[in-house]
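Can you read through this structure? Questions will come right after.
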């Protein structure tokens, strides 16, 4: 037989509750037991649930989003033992394909309630909302955001190897310092959370330990990558991941049919259950030889191409919506950039929540423009014209249309 | 004759000191007098000095960079009266070409001394340094950074219309508040500066007023654009600029042969004297009709294309080089991203200042990755493999080479 | 449920002999009975066998290619009744996805024996040969052609609606005139062939008629498209097909994992069994309104992108390999172009048949260069550098390697 | 001074008649004297007249086209002695820039009279016609073809080194055999032509010999390239040219602001006078080492990019407009392809000659589709949607507009 016959090393169930599926886990910890073994050089398929483990339904209400249980997330598939991998190596993975599960040809984009998760613009848009996206081959469209349709830049939001005890301790230390020092009226980081912990096949003491110490999967972290939410990590990409424990303990999840740079509404990508095909190679002593402290990657050759001239670029600066000047703050600038885009698209009849949802998941290009001209950072967002079924070019006539509504929560 | 005969509305001199050239100015103020008139619909050529007005020489010492007089910058060409333009309109400009001045076929990239200008990485790299770039048609190369050569993504760093008195007052107010509140051990913004003020043809009271009130040209600002330093604002781009005063008072300058996203070393682009060809059109009442608070643009069709798979992407997170966790700070994340790239390229024999210079001016792609996964912002930088004359692919063998040196200042 | 649940309107079997599968047929004729019905606006999945119906095996001998039975080809799936379609309409199809059958993750490229099918270079390379390609997600590689690996530009070789009796008569007339007038020592066209005819569910008189009159599926034809073998008709493409009979009688087949412009070895694409997802829309009276005599198409946004500078372009002219000057013959020129490429790649250790196979299936760009400079047509072929695992750039050192062998037939 | 100061090795005059300019010549012959010397490794600028030497005027009549003197063409600049180049070497040239002459910012596209030059569609469109194009930076537009505007893919139509006496003899032999055997009612090739011969600085016997033996510059030829009219040989391209005589005797000319694949109207590109910047390198013994019988090239990185989905592709087959079936004739197929495009665009109000002119010079993509499916070759032409100022998408409404007229000749 050809080498094309690819082994599936983990299957998920859409019926069994995620806590009962031993190939899943929802914390980063070195003691989560291996759920399978993969040879150096092997290509395998790995199935993943959507990151919430099925909490969000294909419906026209966003109550499920409003009430989502975030102590459960993210359900990742793994960890896998990669043969021959040792600390200091690099795990080179090639993403050969990502597909939705055939039995669930749809995904969702959510805006979380400001008091339960929040998002990039939650001070302006505090309510929960949702859009369901139907997949048609490489394309998707949504009954909740009419007038747009685009090809997915399909990718995993989360990839990474488990931290060593030392790396994990460093994470917990620096994040707890941030939490302690916090003076903002909002949650700035999430400490370990025993509730809803899922440590794969581990029970008892090990599971308790994972609950007490395990790092939440929400943030990406420099030492291993994790939840980077990089939209271009799509089919054909090669990623170089630092290895911190024997066997690597590689996990993957949070598959996205599409995402915009920044994934602004937090649950901003088109979240889906799916299957990813990966080739694994171990680069011995790669961290030192490649000079790597964080992952790097090379994209594949098949990103959707619109042509440079088929984008509208919005500019934003580090002066916030109250007129306050911030010092070189690219985060503030990018928030302004997204607001400029919302103002532009609002003219066609969309409501702001629809656009906020759209900018989280459509393949918008978020660029650092200038980051040295004190006091203003400048960022840009490139919106592809051709994802719209009408002409949004700056020169074209504007007509307000009936754009319906996204799904809202009851309040 | 054909309409291709394009009028040059402002010529610069490389010999006459910039303060004596009445078509130049170096502050944003509504009272800087018009230096010429352009019809609605007209295509014109405008010559510009390099942003420092010739302070930086084609030499192998960076003392000129170390001692640069920043009270003089930027020398802009303008302001021009655009016929029929009124406040509330949009000035639509099409950048039809940008070229170096034929008599000066070279440019420079500088790292400023930390105490005189500084830059994105000045806490780590505080010294002044410089690279001279020679132009060969669309390509450039530098004796100070051997082994690289690339096509320019040529563009103006600064474009904009003059502020109204009200807009100017707002700028001065919010920036002075930032200065007043500053607790950092560094300059965070620049107040109006009478020294070296150049108000075009204005003398006496008007010039004094421009000196007292005129906004510095260093930062871009949301209301008009200005020094956005957007590398993709290149040939063929259309930019939509808000108009705040009768006649628009359009100015342009700070031409770049090439720049990387962020222009990280502050004088990070390949700075040059040159000529820009622009078509002007007035969109009546455009600000309201297009919903614009800040400029937007559409790139042209001729950006250098390397293919998505011919980039190495580095990832950075908002954990700084001292291990401190910052909350969702994309600026910190992008600084880490650039450091990861420096560590990677260092292996080939470059010294860190050479790479710092290179990342300011080569067409690197700086992206917002994830900006919602508390507490870590994630940014990426895509480094084009094909600007190097040797193979920097992650899989290729690495050999340390003799890479010479960039130009340094004496200390 | 979401609209993403897509109906499969035709399933093929890899076990049942193709002549017994009623959803297949192998001639173009208006009397082949409908095998299913599709609504205007519907998205469906259609399964297809490889074009030979399984005659070629995953083996290291090309005897199967040498002895292929060409009276059977191509096995197409269809014809389908598209509701509301009438002669004069345009059938607008959107190719939403193409995938190999999961149970057969490999494909083949063949060079036919000169006396049984032949190919573009059969006067120089008359023997049968074969390469098997294994699929790894979006990539493929072959044990018969080491050192290359590329992403598929997956597409159907054949798409079209059935001819009307009048159109069919016109085909048979003009092709028989060519056959009659032939003075070349080779087969120039294929008349209707009763042997091995498969008319779907038709038996008896209708099947006999289809055998007597039905047009062979080998050539594409202007009136309906058919076997165009256009490599860019890939995922996301929209194709506008003329309708000649009530219900359109749409058929599809000859799926390719990848192909180069020209498909030079006749069985030159990577042939595979697979499933295609298509959306159907009827454009009433489209032929007249759109001014169409032949199909047109718009590609999708996800073609593999290598960057213009990552190709080597070979030039060929209408002077043949015997030094004879032909008049403006682009076919002769393209043959020379391919020979130039073979000579170039031969230096790395490949034998000519391996390269001939490769140029049929890798995504090479075949362009008309100049077609007006008497007497020489000039064509070019762009070979992507990045499909090779070693550096084939003109400037890189050349080393002859052991490249093994493709599969050959016994003689 | 920097190495950016580039020497101009040949200047042309727009006033002096071309026959009096010794840096020009209009035949390929080894005895045309060198007009300058260029070092191995040097970058130089070379000025060129338009290929007719100024016969075509910026006017609204095409009488100049109708009566053009083709015995004079093409006026090439050169030949240059490239130091160290010997027969068997490869001359590697890098095209660093191409620009129109600043004093002549316009170009022309012509359709030649069928009896004086003709073109690809001259049996259908036998009359002389013309369009003048005005340059606006990287863009061009024409008063003779309203509604289109595009960025130039600027390039030289002709590049090459002189033939050796043996190569020249081979050219003359094979082309005269074609002329002798001709039974078509049209000119199929052009023998040496003493009238209007221009042999640079040569007079007397040498000039006579060049007139008697010199090869016409109209066709490209495999041994040296010459008039290939390859639209992508633009800025940044590297071309590898065989050397046949000591010193290479390199010539260049026939500059094009833009061209479509095939340059279908013969004088189909936007012809212009201009200046080209080239870097020269000699690859010793390159013909044998690189396995080259004909030139090859690598494009630069800055071609206009529209995105694959922003093209409409027309299909054509080797069945001619009289319904006659030709055997695998890509030339016939490409003619049909262009006719399909004309029929499509005609609906907007253009007359056929305007479209014929447009398809010669706009950046249309002409591809070999299938070249093995007997008896039909299939070619495609990709028309970029975004060169039109209105929406020509197949789905957009069509309105016939007043498109004026191109320039016609009097008859």
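Points to keep in mind about this one:
By letter and in written order, the chains are A, B, C and D; residue numbering begins at 1 in each of them.
The criterion applied here is as follows: a contact is a pair of C-beta atoms (placed from the backbone, for glycine too) under 8 Å apart; a residue touches a chain by one contact, two chains touch by 3 or more.
Protein identities per chain, from UniProt: A, B, C, D = Acetamidase/Formamidase.
Keep in mind that what you see is a predicted model, and the values were worked out from it rather than measured.
For chain C, the chain whose average C-alpha position is most distant is B. Two chain pairs, A-D and A-C, are compared here, and A-C has more C-beta pairs in contact (counted per touch definition above). Mean C-alpha position of chain A lies 39 Å from that of chain C. With centres taken as mean Cα positions, chain B sits 32 Å from chain A. Between chain A and chain D the centroid-to-centroid distance comes to 50 Å (mean Cα coordinates, whole Å). Shared interface positions of chain D, defined as residues touching 2 or more other chains, are 236, 300-303, 305-309, 386.
Considering their complex, residues 305-310, 386, 391 of chain B touch chain C. Those residues of chain D whose C-beta lies close enough to touch chain C in the complex are 92, 119-120, 170, 174-175, 177-178, 182, 184, 187-190, 218-222, 225, 227-232, 236, 238, 240, 261-266, 268, 289-303, 307-309, 311-317, 319, 323-331, 334, 336, 340, 343-344, 346-347, 365-380, 393-394, 398. Note for the complex: chain D touches chain B at residues 1-6, 43, 58, 95-97, 105-106, 132, 134-139, 151, 235-236, 277, 279, 300-306, 386.
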